[in-house]
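Below, chain A partners chain B and then partners chain C, in two separate complexes.
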Partner chain A sequence: MEVTVAMLSLIIVFMLIYLVRRRRWEKKLKEWEQQLAVILQRTIYFEPPENSSPVIPLTFRTIRLLKKNAFRQLLIDQMLQAKKAFTGTAADNLVTLFHQLHLDKLSLQKLLSRKWHLKARGIQELSIMHQQQHTVKIYRLTNAQHELVRMEAQSAIVQLYGFEGLRFLDIIDRPLSEWQQIKLLRLLSRTPGVLPAKAARWLASPNDSVQVFALKLVAEHQQQHLHQQVTACLDHPHPTVRLQAIRCLRDIYTDDTPAVLEKAYPVQPISCKLAILEALAHIGSDSNGTFLTRQLLHPDNTLKLAAARALVITGEKGLQYLDEFPLADTYPLNEIIQQAKTEQIV
Partner chain B sequence: MSGPAIFSFFFNYGLWLYSVTLLTSHLLIALLAVVEVRRYRRSASFTDYTILTSSPQAPGMSILAPAYNEGATIVENVRSLLSIHYRNLEVIVINDGSKDDCLSKLISAYQLRKMDFFVTQSISTKEIRGIYKSSLPVFHKLTVVDKVNGGKADALNVGINVASKEYIVCIDVDCIIEQDALLKMAKPFLDSTDKRVIASGGVVRIANSCEIRNGRLVKVHLPDSFLPRAQTLEYIRAFLLGRMAWSRINALLLISGAFGAFDKEIVIACGGYNHATVGEDMELVVRMRRYMEEKKIPYKVTYIPDPLCWTEAPASYKILGRQRNRWTRGTIETLSMHRKMCFNPRYRILGMLSYPYWLLFELMAPLVEFTGLIGMLIAAALGYINWPMFLALLGFILSFGILYSIFAILMEVLTYNQYNKSTDILRLTLTAILEPFIFHPFVVWSAIRGNIDLLRKKNSWGEMSRQGFAGKKNIAHAKT
Partner chain C sequence: MKILVAEDEPILIRTIEVRLKKDGHELCLATDGQQAMDRLAEFVPDMIITDIMMPYASGLEIISFTRQQEKRKIPIIILSSMGQEDVVLEAFKLGADDYITKPFSPNELSVRVRRLLSV
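Right, the complex of A and B next:
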């Protein structure tokens, strides 16, 4: 009992000390925030001289405060936020200050740390501040064992080099999570440039997740010339890749695409079948009517509904197919057809 | 040895062994929770959740909100759900045969009209009377289903049948969901590369005394009255320590019915919610896990320590007693339905650790405690008690319980710090000291009554009267 009471007292005392220190820290933070705002303002509006290398003027108080680790880290955090928000001279000035205060060395130290969260933080800081001189160190981490380090390194390389940075897709053998794919797509959507020609190679990558990501890239960047390579992905053993290939074909379709999808349909699982019917609703025509009508006999009601929707969307001929279908008046087809028609009206 | 002596030996040493195991497991839970919460928070600091708000690749989520006699607050509650930040979202409100004006209020507030809608009966349910969509494009995410009363599980199953997205988020319609809750909830499903995430839970917090405006929580306060405050402490302990620890070792058995996201395909494959239990939330998670184990598909059930959902806790002993009674019956029913898993190595950590823990330390703890009390009274009457030893042990157990609660408060202070006034922390600490003497005995007694009710085959949900965030009285799901 004495042990638990002692521990209890210890925790309460620790909590009290923590609360007091936090209160002090919050007060100090408020003071520092004003100081930080002044530094950032001066940096952002600084006009660099034309003939000499720029030096951002700093007050004596700032220089004194910069000796404190916590203040330096706060400054880095605020500079990163500002760097994301500004472009042009203001962004260049922030990078200048980053160098001037040797903050890149701090970030590099973090990058070289053995702790994953510090490593990831270092990568993030160096990439946002466009420190390309550390590319080799960051690139090596694009296939790192720790997922977060790997993700940050991949994002950093894309941030530094745009589409060219995607070259890490050639070497990674660890999977790209869906979250990471979304993140990379978002980074690339803000980057000027075009998808490199080697995207075709990624479509045949031994890493399934790279293939899925490449299919998303091809769809987003409308790479119609890769139609054949995408079609080849319909034979991939993994249904996730096939599903993405179907979605991609919907976005880069040619006149042949509906026939390709119809051909691939019979051997697919339900999820892929559904994706094909949804794709045909977008890209199909009267010529797919017979195929779609056949799907109304499938035992799975979800597929029946998707086929009915596709027929309704393809136009009058599709509606005619539905109305003339022998079982159109029987349950559940009568309700399915009615819903498909109502959705189109709404 | 004589009969009473043998009894005394087993009673004393049995209780001792039980207590040591329980206390050790609490220490391990605290340790694992620290590791997991730290990992999560470090990882979350790199995450920009807003990338999902604009991405066409964001997975589809269907919020399922069953409503029974929620007429007083339904319009506001639905408005709050529609304002959640998520792109690929549909909100399905299931009116479970309400006897009040719940449906008519929804029809008039959102200009709903009845639609031709074919529902695939993936899970068998009671009859659907109609499906309504809004004629206003601004409410295009909303679907209202009117059905014959069948209870919460049946209402959720209807929602699952109607849902068109890949993931379903089951909530209590009277809960307040944080605006970014779905962005955070979607991440675990997108993060995993080696295992399929079948379910994910979020922390539920107590909203009593908090400031709520237009269906949104604007300021957090610690509840003024003791009972909700004790539950606040209990929820911090359960969510920040318990669930995070179990989540760390992928052994979580329960995701709160108030807020949980599930992989729809797996839910349907498992047959959806079970009507035969009042603990349908726990039963579904156990069944989904069992299904994945039996199919030998690698899977994960995750938990997020961020406070994502706020609920009103019972403020009276009567209502609290009914709630705990129902939770006990739900746990017994679930464990009984899946007894095959108990110490069955085929179910790995689920059978060898999660199930036995729930059986021994969640389900049996109140029984052991109650039996211990009776035994102690008998022993005292017969003069068998070594009082100095007894008092020392009692003091140890009580101080350990308080220590665990204070540690949970410390975790809260170090992490989310929702109650940031020093007086709030002091009041929570005092609650932790008082809880073993006032709140805990009542919870134990309610659990005993739950056991008795189950033996008497009483299977009602019990009426859950709430004050409502706007101060109005309303009656929540009360189907028998």
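Right, the complex of A and C next:
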């Protein structure tokens, strides 16, 4: 009985100590947040002098608080939020303060940490605050073993250098995930500049995912002059690359493209065959009618439908091919043709 | 002039508040869409600055609510993120007057507010 009471008392004492400490921490945090809000507003609206290098004025209290790691990290977090929200002088002032307080050293420590999540955080901090002096260390991580570290480093380099930053595509031998490709394309869509001439080299990269990404870049940036190199990708051993090459050719097509796609068609797997038929629906003409009609005999109904759609889209002649096809009235072709025609009307 | 600012990001709302107060405006702040609607039911501002993505009610809902209720036209500026072009178009259809893409310069916002209020 006595032991139980003693145990319970001990638990209650521990709980009280915990609650008191937590309350103190929350109070301190609230005070810090108010202090940080003042620092940030002063920084954002600081007017830099014209003739000397800018120094953001700080109070003694702030300088004393900056000795605490937790306060510094809180400041970094809020500065990052602010940097993402503002441009112009406000953003420049935030970078000045980051540099003035040597906060880049703290971010660099994270980048050099063994823990992947700290590394990723360090990279993010340095790139958002435009700390280009640490580019070499970030660049080395663009081919890091850990996928998330690699992704952050690649995004950071593109954020810092735009299209020129894509030079990491020359050296990476690890895969660029589908998600990372989307992320990079999105970052680049907000970046002024043009695709570097080395994009042609990436189309022949030994890394399949780099080739796929290069094909997406070529299509997105309408690099018609790379048509021949893209066509060469149709002979790639990996179907994912071939599929992307077909999609790319659809976007940068020339008069020869339909014939090139027809020629590549027989040896392709279903996914690539489907992509070719979809491409021909957009870029094909009456001259592809015979080829498309032949595909109506394929045992796969998806391909039959894609071929019928392409014929409907190519116009009068295509419709004539469909109507005159000997098996047009037999099931399932009659339903497939009906479906393709209805879609066109809608 | 009385301006209603609806924005859920603390750093943004505080920076906008400092800038526009410096310009001599009276501000009414709302940190989510519902709060903004409640404020609109209480008073008629001279201008509304609203974020698009906010908890409880979006900026688009605030625009249509304002345009349905108002007796005189209140200028509305929307704050949008990059890549929200479709939403910006929708906001203009509903009756927004101007937009600013985040990240933005607080000085630019100040100029746009002045321009819209002087029309």
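Here is the rule we use: the second predicted complex is superposed on the first by the 303 of 346 C-alpha atoms of A that agree within 3 Å, B and C clash if a C-alpha of one lies under 4 Å from a C-alpha of the other, contacts with A are read in each partner's own complex, and residues count from 1 in each chain.
Simple rule for what comes next: a residue touches a chain if its C-beta (ideal position, glycine included) is under 8 Å from a C-beta of that chain, and two chains touch if they have at least 3 such contacts.
Just so we're clear, the structure is a prediction, and the values are computed from it rather than from any experiment.
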item	value
Partner chain(s) touched by A:H117 [first = chain B, second = chain C, both, neither]	first
Partner chain(s) touched by A:V5 [first = chain B, second = chain C, both, neither]	first
First (chain B), second (chain C), both or neither touched by A:W25	neither
Touching partner for A:A90 - first (chain B), second (chain C), both, neither	second
Contacts of A:R186 with chain B and chain C, given as first, second, both or neither	both
Partner with the higher number of touched chain A residues, chain C or chain B	B
Which superposed partner A:I44 touches (first chain B, second chain C, both, neither)	second
Residues of chain A at both interfaces, chain B in one complex, chain C in the other	186
Chain B-facing residues of chain A, complex	1, 4-5, 7-8, 11-12, 14-15, 18-19, 117, 120-121, 124, 147-148, 151-152, 174-179, 181-183, 185-186, 209, 216, 301-302, 305, 332, 335-336, 338-339, 341-342, 346
Sites on chain C touched by chain A in the complex	9-12, 14-15, 18-19, 22, 82-83, 102-108
Interface residues, chain B side, partner chain A - complex	42-43, 45-46, 48, 51-52, 54-55, 57-59, 115-118, 120, 133, 187, 189-194, 392, 395-396, 399-400, 402-403, 406-407, 409-410, 413-414, 422, 425, 429
Residues of chain A touching chain C in the complex	37, 40-41, 44-45, 78, 81-91, 186, 189-190
